[in-house]
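Below you'll find the structure I mean.
In this document, chain identifiers A, B, C and D correspond to the written order of the chains, with residue numbering beginning at 1 in each.
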Amino acid sequence: MFFASDNAGPAHPAILSALGAANTGFASGYGADPLTIAVTQQLREIFEAPEASVHLVATGTAANALALATLANPWDTIFCTPDAHIQQDECNAPEFFAGGAKLTLVGTGDKLTPDTLRTAVAAEQSRGVHGPQRGPVAITQATERGRIYSVAEITELTAVAREFGIPAHLDGARFANALVALNCTPADMTWRAGVDAVSFGGTKNGCLGVEAVIFFDPARAWEFELRRKRGAHLFSKHRFLAAQMQAYLTDGLWLDLARRANASMARLADGLRGIEGVRFTAEPQANMLFPEIPRHMHDRLQAAGAVYYLWDGAETGAPEDRLTLRLVTDWSLPEAEIDRFLSLARG
Amino acid sequence: MFFASDNAGPAHPAILSALGAANTGFASGYGADPLTIAVTQQLREIFEAPEASVHLVATGTAANALALATLANPWDTIFCTPDAHIQQDECNAPEFFAGGAKLTLVGTGDKLTPDTLRTAVAAEQSRGVHGPQRGPVAITQATERGRIYSVAEITELTAVAREFGIPAHLDGARFANALVALNCTPADMTWRAGVDAVSFGGTKNGCLGVEAVIFFDPARAWEFELRRKRGAHLFSKHRFLAAQMQAYLTDGLWLDLARRANASMARLADGLRGIEGVRFTAEPQANMLFPEIPRHMHDRLQAAGAVYYLWDGAETGAPEDRLTLRLVTDWSLPEAEIDRFLSLARG
Amino acid sequence: MFFASDNAGPAHPAILSALGAANTGFASGYGADPLTIAVTQQLREIFEAPEASVHLVATGTAANALALATLANPWDTIFCTPDAHIQQDECNAPEFFAGGAKLTLVGTGDKLTPDTLRTAVAAEQSRGVHGPQRGPVAITQATERGRIYSVAEITELTAVAREFGIPAHLDGARFANALVALNCTPADMTWRAGVDAVSFGGTKNGCLGVEAVIFFDPARAWEFELRRKRGAHLFSKHRFLAAQMQAYLTDGLWLDLARRANASMARLADGLRGIEGVRFTAEPQANMLFPEIPRHMHDRLQAAGAVYYLWDGAETGAPEDRLTLRLVTDWSLPEAEIDRFLSLARG
Amino acid sequence: MFFASDNAGPAHPAILSALGAANTGFASGYGADPLTIAVTQQLREIFEAPEASVHLVATGTAANALALATLANPWDTIFCTPDAHIQQDECNAPEFFAGGAKLTLVGTGDKLTPDTLRTAVAAEQSRGVHGPQRGPVAITQATERGRIYSVAEITELTAVAREFGIPAHLDGARFANALVALNCTPADMTWRAGVDAVSFGGTKNGCLGVEAVIFFDPARAWEFELRRKRGAHLFSKHRFLAAQMQAYLTDGLWLDLARRANASMARLADGLRGIEGVRFTAEPQANMLFPEIPRHMHDRLQAAGAVYYLWDGAETGAPEDRLTLRLVTDWSLPEAEIDRFLSLARG
């Protein structure tokens, strides 16, 4: 009954097998191997972006920090939500890679709105050289609360960015989960909606450790290559990154896995909805849920071995005898585990 | 009628003369000259801190950024208010000098409270290596809104810092203005109140350009020296920094100048208080005032040549036909100018 | 006939299998999984260093840059050879991770001597705050030219470091190749010889991508953890790094693979030694050789598909009709390929 | 008898007076004052460069580090001599401001030649993303050994830079000393000779502390402004930098002062030339001399209070009973002091 994170499950067997298939003889290092070339092409096709520059790294933090550093000057500020991974969970990696740039926290919670974003961007750079300059907007899809921006919402946010001449980055650590929920194309959710660069996640959705960074305008491709290398994120045996990504993308595996994770969450939410004492206002849109439950229910679940994080109760104003959980499902979670969790919750 | 800033007035004649007096023959460079040695001793005495390490720089941003970089690791976050100079007006200098550290904005406005500070500090570092680590607390005295922390308030804030084992820095760009308002000693307002390091301002109070950074525990003195040098802030003809600071400190000139600036503000506030249509809720505590006035009064003042900044009206909820001014007085402002301003305001 | 690098061959099947074996169910992320705990213990035992702090990363550049950044201040200079990987092949990663530290190139070529090192270290920091300060010594074992420091040589170098109070780092990208050549223990080649920290390579010797950083004094372990995280080098699915390293270490596989690579090089050198027109002054000590050959031999080898890099001819003073090759063997190179290369060389 | 440095003498009285003249009433801060505007224009005229961007800072290290950071990417290497101030005397400031760029030391000693430069530049960036990329060439005029590049020599060096598409920076801490020695125009010695940016020194030649950074192509002016601000090098009371520079430039004072310093050195060299036991192979070209003298002569000079630095004897191969001095003259050195030094040397 593991609901703590989608980065703790196993890799999908097809992805693991791809490592073995790639493990034959010698292959040029550092991305000059045929698999990397093939997967680059594959991603361009999936994104309907034949000119895009595509780069693989092994961690989501690397994808975000390197992408944002490429889009931001050291004297800029990056606009994101207070809940964003780049703010909460990367130990200042964006600041480090961007040479000391700042993060400006927009609004509250996990989602930007055009209004909060416009206000925040407008407020910066009003005093010439004294304050930080306007840097990229960082949108997280799905958000850290498992919510999803519609294509229209993304388009509105990037329109604000365009107003101010700043680029838009999409942190897609859960790109696939969002995409299948929206039932649109990768192009619709990104460049057609005004996004300039994407961190395209694989690790949370069945890979061992691989993410792609995609710039739809390839002008800064070489800069990114240099940033990746000096960030120590260029793999010598690069085929093992490429092989994962290739298997992930082949025959829509990435979409299947995301559908499974989202479906698991839907099943979990459906079950929880009917249980007395369980409350959640936001319906799950992807693979995360934050239900509030009585403490005794929590104690029972824990005692039975359920694994999950508590969300900060104070933040949601829950009384002390009630707790908010963060539940995350990944592709590999057996239905039986969900049902057992529900059964335990029912008491 | 210049009320725009206290960094735009002239240097005090005694400070200028000190440059001439220092300008005789050869003197060892880089702080090894007798004047620097003397002024170091003078500051230790004024602060009743015989062991303190004392370092001169030419700008307030250098003082703050170098001091904070010495107190913070690159993976830390520095706690300050949203209005703090280090957040608003230093173009990411603290982030740059601290190697990519973050600033966490505590509460709203210009003043920290023990509660908002404790909440903010407690919230960080709750997830091990993932989030930024707890770095120094940065207190501004007087604040960017011209308000003053009492000694008790500073002590309460540094007590919170002690709870979490983090150091406390005091940005004293307007140290003297605050000190004469509190009528306490420099030691009372700093190390006796738990402050670890101070940016001791001179530039805004009659110097050409000099600030002292003081660490009450000299353990990191050498690190600061290296940071200052590699930050390109070590002057070769160091005697010209020392001479300014020496004249500033001699015979209490620094206190006299601050009293003048504060008295000018008191006179201005007294005058404005009685004028119809002028409103200010916060009485001036040092040399700054933020009165709200009717737009026609503003137009009249501007037409007559009054110089000041508008404060963001939206922020204070002023209706559009009313404007909030930021008025700052320095030591050199003639009484006649104040009276002329008041006369114009009266209409 | 691939002799271009030891980072282009396949992973050893046992290491690949270990990924599959590790791929069962959920495992805590970020290094809190049982495999990581086990492999940490395993490395401590192999190094006879029960207190050592052990950290896994995926690239050799990450290992070096993060280790050196932990040992060096931003105002320090790191002492290394002109041929060192950190100088030649990491695109300023050490400077980046160390916050702008400098590299001082000691002597010429690929090996430090106590004399050249002492001279270089003594020459720095003679002018107080003005020059860079003395930072760590970086020793590469085996060197970029495939040469090996004896234990006595390492001890002499670290003794020089001790004289000046600076730490010693060992870049062991080819640690195993050197160890089996010296036929000593890991402890002998490192901490008993005065080394403070090691980059312990796995990638070039049969892994997909994993290196360990080991500090024999664990005092800076937490700092390293934070540096790794903010460097975006902390893997969420950390078990896949640990599994590689565990398989690599188990039953002496790492030593077997290194012996194979070295034996392949010995076979190659033995064959080349007797061929007319082939010259090499330095006998291979590990798995690299730099023979000088006639151009027509090179043309023949290339035409037949041999893959290797040319070494800078100018540097070795070779006449234009002669070329110096860099030949590297890895564990996977079939004997038949070596023999075919030799046969082609013979003409 | 102070010959230790040209950064230890007094400021010229006219420059000091200019501070007083500028010290009237209020002036906009941060470079928006009329004096700054005027001196910007003055420098453009002196350099015959009406489009140039001109920026004042207070230290030579700031001028160099900020200028080079503007010209270099963090993954670049900057080409300079081993003796360059940026390598020897700035405690890694260039590396810090340039975000971790490297310095490649070209040739030996204090002067670049087209051949050593071409070889060094050609050698970098031969391996794609792996090594540092080619960054700016940094030329020092006059050099750290007091030698001067002819205009033809500068032109040849910048031609090499052009070959490789990299910019050229001139560290002119002793710009004036070199200019009067060459008897050419500032334009001849800089942009007409292919130089892209100059650190134009004032501090060593009679100012209290001011340097100008000049970019002949103003495209990166705004970037420099931001770098200066976040480097904490933007002065609020900027008129006091401008006033110094204006007085320095007015009526050719800067040239007069440099001529005096150079003439003092010529007088010193003339005197030393005839003294038995004194040897110097390089005639002084500006205001520095490195004579080798017997130890007893040194002892006599020291006893009488002469102040100077010893140059590393080992470096010049001087026997132990002979020492090499570094003698520097500034504009303020009285002739009588020179003659007294010579008289003491004669014994």
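Heads up, the rule we're going with is that a contact is a pair of C-beta atoms (placed from the backbone, for glycine too) under 8 Å apart; a residue touches a chain by one contact, two chains touch by 3 or more.
These numbers were taken from a predicted model, which means no experiment stands behind them.
Chemist: To reach chain D from chain B by way of touching chains, what is the minimum number of steps?
Modeler: The least step count works out to 1.
Chemist: In terms of CA centroid distance, which chain is the most far removed from chain B?
Modeler: In terms of C-alpha centroids, the chain at the greatest distance from chain B is C.
Chemist: If you average the Cα atoms of chain A and of chain C to get two centres, how far apart are those centres in Å?
Modeler: Each chain's C-alpha centroid was found; their separation is 34 Å.
Chemist: Using CA atom averages as chain centres, what separation in Å is found between chain C and chain D?
Modeler: 41
Chemist: Could you state the distance in Å from the CA-based centre of chain A to that of chain D?
Modeler: The answer is 51 Å.
Chemist: Please set out, as single numbers or ranges, the residues of chain B touching at least two other chains.
Modeler: In chain B, the residues touching two or more other chains are 74-75, 90-92, 96, 99-100, 129-130, 133, 226, 229-230, 234.
Chemist: Quick one: which bits of chain A touch chain B in the complex? Just the residue numbers, please.
Modeler: It comes out as residues 74-77, 88-92, 95-103, 105, 127, 129-133.
Chemist: Using the touch rule from the top, collect the residues of chain D that touch chain A in their complex.
Modeler: Touch list, chain D to chain A: 30, 73-75, 99-100, 129-130, 133, 223, 225-230, 234.
Chemist: How about chain B: which of its residues touch chain D in the complex?
Modeler: Per the touch definition, chain B meets chain D at residues 2, 4-5, 7-11, 13, 16, 19-20, 23-29, 57-62, 65-66, 90-93, 96-97, 203-204, 208-209, 226, 229-237, 240, 307, 332.
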